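Sending over a structure as structure tokens; questions will come in a sec.
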Amino acid sequence: MSASAVDKAAAAKPANPALRRWMDFILLIAGLVGVWYGLHLWAGDVALTSPYATVAKLIQLMGQAWFWPHVGETLLALFYSLLIASVGGLGLGTLLGIHRLSGQIAEPILVALYALPKITLYPLILLIFGLGLSAKVAFGAIHGIIPVTIFALNAVRNIKPVYLKTARVMRLTPLQAMRTVWVPAALPEIVSGQRIGFALTLLGVLLGEMFASQQGLGFLIINAIGLNDVPTIMALALLLALFAVTVSSLLLALDRKLHARS
Amino acid sequence: MSRVGWIRLAIVLGAVGLLELLCQTGVIKTMTMIPPSRMAVELWKMAESGKLGAPVAKTLSNVLAAFVLSVALGFIAGLLIHSLPRFRRALDPLLASYYAVPFFVFYPVLIVIFGMSDLPIIIIGFLFGVVAMIINTLNGLDRIPPVLLKVGRMNRMGSLQTALLIKLPSAAPYLFTGVKLAVAYSFIGVIASEFILSGAGIGYDIAYAYNNFDNRTMYALMLFILTTVTAVNMALYIWEQRMLKRRMGGR
Amino acid sequence: MPAAPKTMRETHASVAGVTRIFPAVGGQPPVHALGPLDLDLAKGEFFAVVGPSGCGKSTLLEVLAGLSAPTEGTVTFEGRPVAGQVPDGVGVVFQEDASFPWLTVWDNVAFGLRRAGFEAAEIKRRVDYAVGFMGLADFAQAYPAQLSGGMRQRVCIARTLVLQPRLILLDEPFGALDQQTRLLMGDELLRLWRETGATVLLITHALDEAAMLSDRVGAMSARPGRFIDLVETGWPRDRDSRIVSDESFGRLTGHLWSLLREESMKASGHKR
Amino acid sequence: MPAAPKTMRETHASVAGVTRIFPAVGGQPPVHALGPLDLDLAKGEFFAVVGPSGCGKSTLLEVLAGLSAPTEGTVTFEGRPVAGQVPDGVGVVFQEDASFPWLTVWDNVAFGLRRAGFEAAEIKRRVDYAVGFMGLADFAQAYPAQLSGGMRQRVCIARTLVLQPRLILLDEPFGALDQQTRLLMGDELLRLWRETGATVLLITHALDEAAMLSDRVGAMSARPGRFIDLVETGWPRDRDSRIVSDESFGRLTGHLWSLLREESMKASGHKR
Amino acid sequence: SPAAQADQISVTHWGVLMYGAPYAVALEKGFFKESGIEVDGILTSKGGGTTVRNVLAGGLPYGEVSLAAAVAAAKEGLDIKIVNTGAASVYDILWVAPKGSEIKSVKDLAGKKVAFTSPKSVTEMVLLMSLAAGGVDVKKVDRISTGGIGSGLTAMTQGGVVAAPILDPIWSRESDKYQPVFFAKDLLPLMTQTVGITTSEFAKSSPEKLKAIIEGRRKGVDFLYANPEEAGKLFAKAYKIDEALGIRAVKNMIDVKYWGRGDLDLKAMDNMVEGLRIIGEVEGPMDWSKLVDKSFLPDDLKS
């Protein structure tokens, strides 16, 4: 009796959960494209091009030789700002997490700074960093560094004290303890922070490019806005969304793997 | 105030003092930045002359609208998404990458949908805030100990009663994180839209002062935003600490 | 051990042919957690369940309470089938801490009474009594976070008991207490049981507790849990923890211990 | 109870005049958690500590291990003062689950050996043995999240024991296990203790466990914890859980129970 | 400050509006090199004071900015000099209505909602002056700031406003969708729209470079007027737009003599300042003598 019930339960199990998840994702994307198409029908080409026209425009853009230096420029700026935001935020967050008092002092300040519309800082950034790559990098980094810091701070602060006690009982050197206990214990939350940090850093870089530059995707977007070139605006927004979703999914997969263990 | 609070205050005052010193001694030029004391004086003058009233009212009411929408709809959307685990799993990669897309490029679409009014700007603020609220609502609902929901069933409670009397209070600490972020993003969304898309409001006035090299107005307004955001944050922080203290027993 | 005249008593709650299989999730195979298993609880009986960890004790309790549906079989309470809903008159104390951290001790205890729509005066009377009875009077306005684990468990017990359920299901209610305090609480549970005449099902890890408190002990096998023996204790209704010095108490626990030694080795995956 | 010739044995670790007071934080007053208290552990002795919840047992252990400094008094291990650092040769199993969720069972157990720089072959030999010994062979490549609470606790015990400490401090190591499994694990701990000749300090809630396993039981008062009695059990070195049927076992636990009944009522704030 | 490449100059709305065409031609034809300076890129920005700030923050402090922004910067005490003229008129601006709309002239705007880009911008000024010049009571027109050209057109398509401003090359691209309501060229006098500016310091230290830039641009302007077809193609290439569109836009501008060759027409500049006065940007008289420096102009344009 019960054996047959077990079989029944086993039979109800779908063939391949990974496949089903992909199907779900594709269905969701299809739904979003449907909404997009509906909006397009409603608002018309003046405001929103159709999914098909957008993809066609994007493919056309990607076929142009001049397009790629812009992508390269944005990626370069993103790379440097991510480096600053991720590594800097991680280091700062870790220090603040280890030293409880400074963490308690700094966290509300960080949160308040985070809530400040950073776009209002742009004039200041320009005055400090001048034009060009450094300003973009700075703008990207200030968008990303605070969330990364806050996540890392909480990750380190929330490490179970008993892990640290274990490290002491094992008589680990501070370096050993850092490498083999602190970092792996805090890693899942750190990766979560990096995901948010990535998205915001990218946004920051784009905003920076919109103000003063002659290269980069942000520059192309602001130009397209100026020219009221809706297909290009849409194609670039799509490209950015695809890029962000891809990176985010990769980090999410890592995130899930790390969280699953703990 | 606690010891930590005093140290924090001292650090902030120290930073402001240092800035003041650097500006007063000319290490930072007036063309670059005016001293904090001047910012405060300028802000006071603007407030007295009544120049501040209209843009502040406009921006703050837009922020408030965006915030209320984000929190309310974010919570409801969170409840719905949480009850659809497959949908949620598919949605996950989109939620986190969402912030990388610059929304204001869709401003024309929003004009089409919502007309020429404050609404498109409120919607941009809302779009920024709502996702943070959804993410944290999901987080909070995930962390409700299942046993509390069982207590609800034992007391034969309906789903609305359960949502209000068990899910909401139980997830409250996480919802609070969402609320704090929604405040931040409502400010960021509304003011950034005003800054980029022009029109009216504090963000626009900052952009305008910037374009006209009017550093006094620009910094006065930036000071205003900074203090407002900090004050709102501090109020939320204190409220949150009070709740957490009760719940965590000061641990 | 003298057998109590069980068959002569009226059946209050029962499970018949019940199994519970948790369906497969992720890559993991389905888990056959319980049964098939039959059990009749007589009205006013104090029944204890012991068994190795993970054998399905909590699963049995949830099925009996109507909190989860059995994969096969039927559950009956007071003559009516239990399906998908907790029947009126059933109270559960869960294994985990189920106190609401956002309510004071007093409000926690009053929670169920308020949902059930009692009058304010009646709520106050019952809650004040229960809070005092559970030794929580000094902490009535405290929040659960300020209490020790054992005190929190007492809040949950009080919250369930103020509703005066006719069937009380207790899942390791004394788990967070030290052994000494467990015995004291056991005595009080016995007094309450005597006073109200409720039917009690108590799940516990501690064999001596099971042997001391109950009319009948059900010893479960390793997962999937089934009863390998149902032992009548034959204690008088009017008993307390001093029973431990009774000579038959030692024989009883010895019997349970030998029954479960094998099972618990299976369950804990020990030395296999 | 025959007194063991304790005075003739060499002292291995000791605390003298130790108190521990947690300084005030926030609005809360300082907590006097422990002492003043003296204790000498003889080399090779098996010492058990019992006492009501919150009386300072874990605090005593931390002070003894050098994990936290006493507010007053001195701690000595193998003739040298313990100060600010855990001395070599001390192993601790904590009350909470301390298995590293990011490592497999095997890697968890190997953790300390790797840090201490053992050779790969030696690590493999010791870890394989310990994993098998603890009944975890089938789960060597599993992560702690896939294990039950009891199995995780066994991982932590194995991780400490493979280092072959000369002083083993155990804080409720069987807390997550059911009573039956506890006894089995107790037997194995006894075997290990006999084989290695280590000194053991075991903290436990279960009086029978303390009485069964140890040479000497220290019963602590409610907070601030002090020893209200040190009871020699007088068991032979070569013993196991069958001792429970010994007539003097009942007398021993009875004595401990009466000692602690009062204390635990104080500590749990019950009926005051 | 860690400056960007030293061989880039700033042009307001480069890549978007017509101010950049002479630079596009000069770059492509090598006119700057011919005149003795290496320019290998143009920095763009949203216009207004942002371009001025970019000029001051960038490596090579020369840029073409709106006259309004230059005046505002000078009023706030920024140390800049106006050294040549860019766009000599505002005749590139017109207002359009949807095809088939009843709005056909400036008079039809009375009592209606009309878009401009943002408060105190050139479009607001041109709208106010054009209404006045067309004899429409300004108070009767509901003027709406839409934030940009694109959103203005969208708002108009949706019926939020009856008319919206448009400029080349967008106008050339979308002229079949809209009907013109009025052209600034039909209503307004000659008003200098953009000027070249630099810092006093740079004017002192590198007069040769300034002269070379001004000369290079002027050659570009001459080429535009002389060879509209080829110039249109070069412009389209630089702006990454359709060739036909580029040619059409360039021809439109040639028709209204949009680009100045560099000579500073104080009268036309005063006209612009008058406009700024109307929208409340400038108060009091303007003293050009401190701000304008003609010494870097080619000799034939210095008069």
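Chains here go by letter, A, B, C, D and E, matching the order in which they are written, and residues are numbered from 1 within each.
Quick note on the criterion: contacts are C-beta pairs under 8 Å (C-beta built on N, C-alpha and C of every residue); 3 or more make two chains touch, one makes a residue touch a chain.
Quick caveat, the model's predicted, so the values are computed rather than measured.
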| item | value |
| --- | --- |
| Chain labels contacting subunit A and also subunit E | B |
| Farthest chain relative to subunit C (centres taken as mean CA coordinates) | E |
| Highest-count interface - the chain pair sharing the most C-beta contacts | A-B |
| Distance between the centres, which are taken as Cα means, of subunit D and subunit A, whole angstrom | 47 |
| Interchain centroid distance [CA atoms averaged], subunit A/subunit B, Å | 19 |
| Rounded Å distance between subunit C and subunit E, as computed from the means of their C-alpha atoms | 84 |
| Multi-chain contact sites of subunit E, meaning residues that touch two or more partners | 50, 53, 148, 150, 154, 157 |
| Multi-partner residues of subunit C (each touching 2 or more other chains) | none |
| For subunit B, residues that touch 2 or more chains besides their own | 108, 111-112, 210, 250 |
| Footprint of subunit D on subunit C - complex, ascending | 52-54, 135, 138-139, 148, 150-151, 177-181, 184, 205-207, 254, 257, 260-261, 263-265, 267-272 |
| Subunit D to subunit A touching residues, read off their complex | 62, 65, 67, 85-86, 88, 90-92, 94, 96-98, 100-103, 111-112, 115-116, 143-145, 160 |
| Subunit D-touching residues of subunit A, taken from the complex the two chains share | 160, 162-163, 165-166, 168-172, 176, 180-181, 184-185, 187, 258, 260-262 |
| Of subunit B, residues touching subunit C in the complex | 145, 147-148, 150-151, 153-157, 161, 165-166, 169-170, 172, 246-251 |
| Touching residues (chain side subunit E, partner subunit A) in the complex | 1-5, 8, 13-17, 41-46, 50, 53-54, 57-59, 148-150, 153-154, 157, 169-170, 174, 240-241 |
